[in-house]
Structures are given as structure tokens and as C-alpha cells.
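Once you scroll down, you'll see the structures, which are given as C-alpha cells.
Each of the next two complexes has chain A plus one other chain: chain B in the first, chain C in the second.
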Partner chain A sequence: MRARDLVADYPVVTLDTPVLEAARLMAEQDLPGIIVRGDDQLTILPGTETLRLAVPRYIMDDPALSRVVDEGHADRFLGSLGNRTVREALPQERRELPVTDPDATVVELAALMARTRSPLVAIVEQGRLLGAVTLQALLDRMLET
Partner chain B sequence: MRARDLVADYPVVTLDTPVLEAARLMAEQDLPGIIVRGDDQLTILPGTETLRLAVPRYIMDDPALSRVVDEGHADRFLGSLGNRTVREALPQERRELPVTDPDATVVELAALMARTRSPLVAIVEQGRLLGAVTLQALLDRMLET
Partner chain C sequence: MTPLAWASVAVFLVAYALIATERIPRVAAALGGAGVMLLIHATDAQAAFFSEHSGIDWNVIFLLLGMMTIVGVLKETGVFEYLAIWAAKRARGRPFRLMVLLVLITAGASALLDNVTTVLLIAPVTFLVCERLAVSPVPFLIAEALASNIGGASTLVGDPPNIIIASRGGLSFNDFLIHMAPMVIVLVGVFVVLCWLMWGRRFRFDPERAAAVMLLDEKEAIADRRLLWQSLAVLALVLAAFVLHPVLHYSPSVVALLGAGVLVAATRVTARESLAEVEWPTLVFFAGLFVMVGALVHTGVIGQVSQAAVNATAGRMEVATMGLLGGSAVVSAIVDNIPYVATMSPIVEHLVAAHGGELAQVLWWALAFGADLGGNATAVGAAANVVVLGIAARNGTPISFWEFTKYGLIVTVVTVTLVAPYLWFRYL
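== the complex of A and B ==
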């Protein structure tokens, strides 16, 4: 079994998509992350990163500080995302991207997910995006659930 | 809104649960990870870590090497999990755990998910596990999808 047997259509956003729209897409379709079409390569915005922009720096450093923040404000904290874009939400550090080609084996997909900690691998063939393989799809096929 | 308003029942395994059983639970219930009751604390086994034990070290280091592995073997790679346990599958490095108490605000939950890269936060009150808040539940409530 290869990635081409497991790949499925997957939503794609651009660097200029509002991060709130990306978050909405993930919430509605129950996605663990989203594929981002960059200027010259694909990347992945992990679900856990979508809300990061809405969290003030001092709370990111010490979450317990949010206890002292006015609770009404906390409930509206997504408002602070405004029109900020996926470009701003993407992790800054250079990292290995969970992107491979349709010939990847299931072991290779599992290794890529474990190493990049991404439950989502984009499958690209000669520069063309075919879709993604999710951890869920991989587990379902391997365990035949 | 606080963690106590978002927390929901969540499956828990022990350190001695076979990792294959944990993987099956995640696949069947579409979970991003699972809560593990440890000897003296709770921890989280991220979904992306479940398959790591089944991946030979040389492929983990260089996934492309899996291309040269016999494909039939690759398809049966989960078999190599045998009776290996959740204890063996847990990440070795010490890391901040995505665990907090029911008074955590939504901003605090978001910060914890972003910092630990976990789409799952366990909620504990005075040593008792109440359940978990998932990124999905948090997004759903914040975006009212």
C-alpha cells in the first residue's frame, strides 16, 4: 500500500486567507490542520497553531496568567485575530514539512507523521497537490476499523 | 467560559495497555490522542506517536529508506507492535504536559495547546480526572460552528 492508495481531497488555503477562516474550516470539517499553498511550496498549518496569534505573548509564556485576565475579554479573545492571515500564523522556525509523494509507503507516512508531529501529510506529484493522508485514514486502513 | 464548561468524558488507558489497543481506540473514536494514567501522574500519548514504535529506527531517521523495504513487509508493519505497551510508546523527553484544572480560561487552553502542540488537554481537579478539552471542542465553542 502506498500514499496514492490513501490520499484524499483536502481543503487548501493560501497565505493570505484570514486565519479565522482557516480555523472555521478546521472546526466545521473536523480537520487536524490545513494545507497552505505558499509562494513556492506547500506547507501545513497545524490546528494547534491556529489560535496562537490570538493569545497575548505574556499568556503564551505563562498560561496561568490568563486567570487574572478579565474573563469577558478571554471569551472574546478570538476577536483579536481580526483579519490576521495564515501567513502570520505559520510557525516561524524552519522545520521538516510533512509533504511527500504518492509512492511513499505506509511506514514512511507513519515515520513522517511521528517526526514532524503532524497528523496530516500532503501528497504532491510533480508539483501538483493530490490531497492529504491523515493519521486517521492511516490508522483506519492499517487497523481496518 | 472556563475549562469546566468545555470538558467532556475522554478515554483513558494505562501504561500497560498495548499500544495497538490505544491506536484502535483513537481510530474508532476519531481521537487526536489519548490520556494515559501513569504511576503518579497523567500524561498524553499524541496520536502521531502511536505508530512510532512500529517504525524501524533507520526509517525514522530517513523515511525515504522505506522505499527499499519489501512492500509486503511495510503493509504488515503494525504487526511489529506485538504486545508493546503505551509505556514504551510515550515520548522519552521531559516536556510540559497538556494538563490543567477546570478553572483554566479559554485563552489558557489555547496557549497550552499551542505550546505543547497537543490538540488535547486533560482537565484534573484535586487529583481527579474530569475528562478532556479537545481543540475541536474549543474551536466549535469559540466559533459557534
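== the complex of A and C ==
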């Protein structure tokens, strides 16, 4: 089985899309992350990175503070995303992108997801985006066989 | 001086310049300098590793190691977050009251912990509370960095320069409590007044915003009550052992190591976890510095500089004291005060011996006050300042070098000016 057998259409956003809009897309379509079309390459914005931008930095620095915030304020924390864009949510450090070609086997896909800690892999053929393979789809197919 | 002595001076100056300008990591600069000193035979393994006067000061290294381990466990308990939020609620959301309480907590904590750890713990809570009050966190962060440097001056373990001074000068924990702490308490009081003049009078109270602060639940900050009480008990024992040195005769480094050992043995924290909290690069930096300065001692450079200083101040203790206080403040404002104190300590040791031992102890206090308080003058004068600037930038409220420095300079000038008459009337 190859990536081409598992690939499915997947929504794509740009670097200038507001994070809140990307988050809404993920929530509505039950997606684990989203594909981002960058200036010269594709990348993936995992759902957890969206949360990283919504959680104030001082709470990331000191996790004990997340416990002292009262329920009312905690319920509204996603509002702090404001107009911040996907560009700001992407990790700053350069790292391997979860992008591969349609001939990748399930082992290649699984290894790529594990290595890049990404719940989805973008499938690209000769520079053209075909769609993505999600962790859910990969696990479903692997457990069937 | 011999060619080797000149060569050791050249190596030292290059390494010092690299540390000051941060062109390369300071650990690399100190280790590189130490390596070259060994390479050119300005010092040797026997002196570097085993000499009390021209080698690595293991008392300093192990005291830092022990305290870092204890603090590493203590900060996991959430006690600092608890205190800061408790303070915010006690202040009932009034910004200046909050600033005063945070300053007092920071200065008090810095007396027991190193300054960087203190600001790392207090700054995130400051952001949370200031966000609720809709006030800028910048004045609070600057005040906390300045308070940590002032509070740290009060005890032997409060600031790394004090640890070096205590080890070199044979000074005890109680010596610092008797000679440094009373004046530091006065300085903290003066600093609170300065906070009012610099920021407090412009703060505005908003009752609605204050109500939002009262919703924070400080009790939730404590993740593990058992660990909290165990850590506080060990910290109390360690402090008691520091104070009881005249009876127990355990040196501070031994006390800190034993305390760290007891803490790891008695709690759920593993040795691996506690050692992960130790700032190993800082300890290696200290070791490199000691080898470099030891090489200057070994080649006779420090002896000659010391003799020149003794001749220049012969019979004029007040000149030596005030010169050391002011000079240390100026140098520490520009470069990291740790390498400065590591270099000056052997020179001050000579001066104290030459000026009559016990009576000349004031020179150690002049060095400690000058170096500790001088660090407040600029944004790069002390490690706590640099850390606060970094946290502020990461949280989207950058503090410029000059914004910090304009307040830091005022505080340094006022505090050092007040220390001068204290030293004069008490010791000269």
C-alpha cells in the first residue's frame, strides 16, 4: 500500500490566514492540523501549535500558573489569538517537513509522522499538492491489514 | 614582570574582553582562556586543581551546586507563584501596593536564592497579574530585577560575587548578616520610595480590574504540598546550619551539599531530576575563571598589582574603601560582576592583610556592595537584568537597554551613595 492509496483532499491555508480562522476550520472539519502554503514550500500547522499561540507565553514559561487562572478567564483564553496569523504560529526553528511523495509506503508515512510529530503528512507530486494522509487514516488502514 | 607574566595578562585581557562583549559564549571564553593559560605554562594542573590560592575554588563551585539543587526542587513546589498571587490579592489590585509587595518578595527571595532564579520565578506571575490589572508589566519587571540585585547583596548565598568574596576572605554567613544585611534592609526601604517616585505616582486604580485579580486562586499553584513542606524544612535546616557555623563548624559548601542530599533522599525527586536543574555551564564558567585568575596569581601579576594598590593606599583606608566601592560599582555596571569579583578578590585579600587584618575587613564589604549594587546600573550589569529583558521580549513587551538603564542608573547612584556613609561611619 502506498500514500496514493490513502491520500484525501485536505484544506489549505496561507501564511497570512488568521490563526482563529484556521482553528475554526480544524474544529468544524475535525482536523488534527492544517496544511499551510508558504512562500516557497508547504508545511503543516499541527493543532497543538495553534494552542501554543493562544496560551500566553508566561504560562508556557511557568505551567503552575495555568492552574491559578479562574474558570471564567480560562474559558475565554482562545480570544487572545486576536488577529495573529498562521505565520506567527509556525515553529521558528527549521525542522523536517512532513511532506512526501505518493509512492511512500505506510512505514515511510508512519516514520515521517513519528519523526516530525505531525498528525498528517502532505502528499506532493512534482510540486503539486495531491492532499494529505492523516494519522487516523493511516492507523485505520494499518490495523485493518 | 617576566615574559610569561605579560603573556598571561594578554590572555586574561582577551578572554575578559570576549566575556564582556559576549562575542562568544562566556563559558567558551573562560574555558578557552584557562586552556591557553595551561598551554603556555602560566599555571599547571597542580595549581589549577589543588591550590587554594591559585586554583579552582571548590568551596564556591560546591556551594553553588548544592544551592542550585535545593532551589531546583523548591521551584517545582509552586511556592513562589503562591506568594506572588497572595501578594496581588493582599494589595487588592492597587498597582503600587502590588509593586511594593513584589519588590519585598523578590528582595527577600534573592537573599536566599540566586537572583536569576528569583526573577525567572516572579516574572511570569507578574505578567499574569498585570494583564488582569491592565497595567504595563514593564515597571514591575524592572523593579523586580533591581530588587533582586539589592536583596541578593544581603547574604553569603544571595549573589555569586558574595560567595566568591566569602570564600576568599574567610567570611561566614553571619558576617554577611551582620555587615551587609542591615544596610540592605535600609536600601530596600529607599528603593520602595524610589519606585513611588519613578512609577508609583502615575499608576491608576481600577476597581473592576482589581476584582479580576481577586478571582485568581493561589492555592492551586501548590502542586504537591508534601514536597513543599519537605523542601521548606530542608531549606530552614540549611539556613540554620549556615547561621550555626560557629557551633557546628560546617563550611557553607558542605551544608549546601548535605542539604541537597537530604532533599533528594527524603523526597520523591530523583537525583537525575534534581541534577537536571543545575546550571552546569555556570559552574564550568566559574572553574574557567578561577584557573585564569589563578594563572595571574601563579605568574606574580596579582602580587604586583596588589603591592601597587597597597602602596597607593598606604595608611589611607578611607581612600581604599571608597575607591573600591565606587570603582567596583562602575566596573560592575559595564561588565558581569562575577569575573570582576573573581579577579579583585585576591587583590583585596592582599590589601586586607596589608592594612591590618580585622580592621580592614571593610574592604570586603566595599567590594561586595560595589559589585552587587553596580550590577543594577545598566541592562547588562547583572545576569538578572539580562534575563528580565529576555522574558519581556518573549512576552511581547520588550524593554530597551536605555529604558532599563535610565532607572537602573538612578537606583545605583542613590544606593551606592548611601552605602558610602554607612561604610565610613561604621568602619572608618
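What we mean here is this: the second predicted complex is superposed on the first by the 139 of 145 C-alpha atoms of A that agree within 3 Å, B and C clash if a C-alpha of one lies under 4 Å from a C-alpha of the other, contacts with A are read in each partner's own complex, and residues count from 1 in each chain.
As a convention for this text, a residue touches a chain if its C-beta (ideal position, glycine included) is under 8 Å from a C-beta of that chain, and two chains touch if they have at least 3 such contacts.
Remember, predicted model here, so these are calculated numbers, not experimental data.
Once chain A of one complex is fitted onto chain A of the other, the partner contacts of A:Val106 are limited to chain B, with no touch recorded for chain C. By the document's definition of touching, neither partner reaches A:Leu129: not chain B, not chain C. Touch counts on chain A: comparing chain C and chain B, the chain ahead is B.
Once the two complexes are overlaid on the shared chain, A:Val12 sits clear of chain B and of chain C alike. Contact with both chain B and chain C is seen for A:Ile59 once the two complexes are overlaid on the shared chain. Judged by the touch definition given at the top, the superposed model places A:Leu97 against neither chain B nor chain C. Of the residues of chain A, those at positions 56, 59, 64, 67, 69 touch chain B in one of the two structures and chain C in the other.
Touching chain C in their complex are the following residues of chain A: 56-59, 61-62, 64-65, 67-70, 72-73. Across the interface of their complex, chain A is touched by residues 1-2, 20, 23-24, 26-28, 30, 32, 46-52, 54-56, 59-60, 63-64, 66-67, 69, 71, 74-75, 77-78, 100, 103-108, 110-119, 135-136, 138-140, 142-143, 145 of chain B. Of all the residues in chain C, the ones that touch chain A in their complex are 78, 81, 85, 120-121, 123-125, 127-128, 131, 212, 215-218, 220-221, 223, 391, 394-396.
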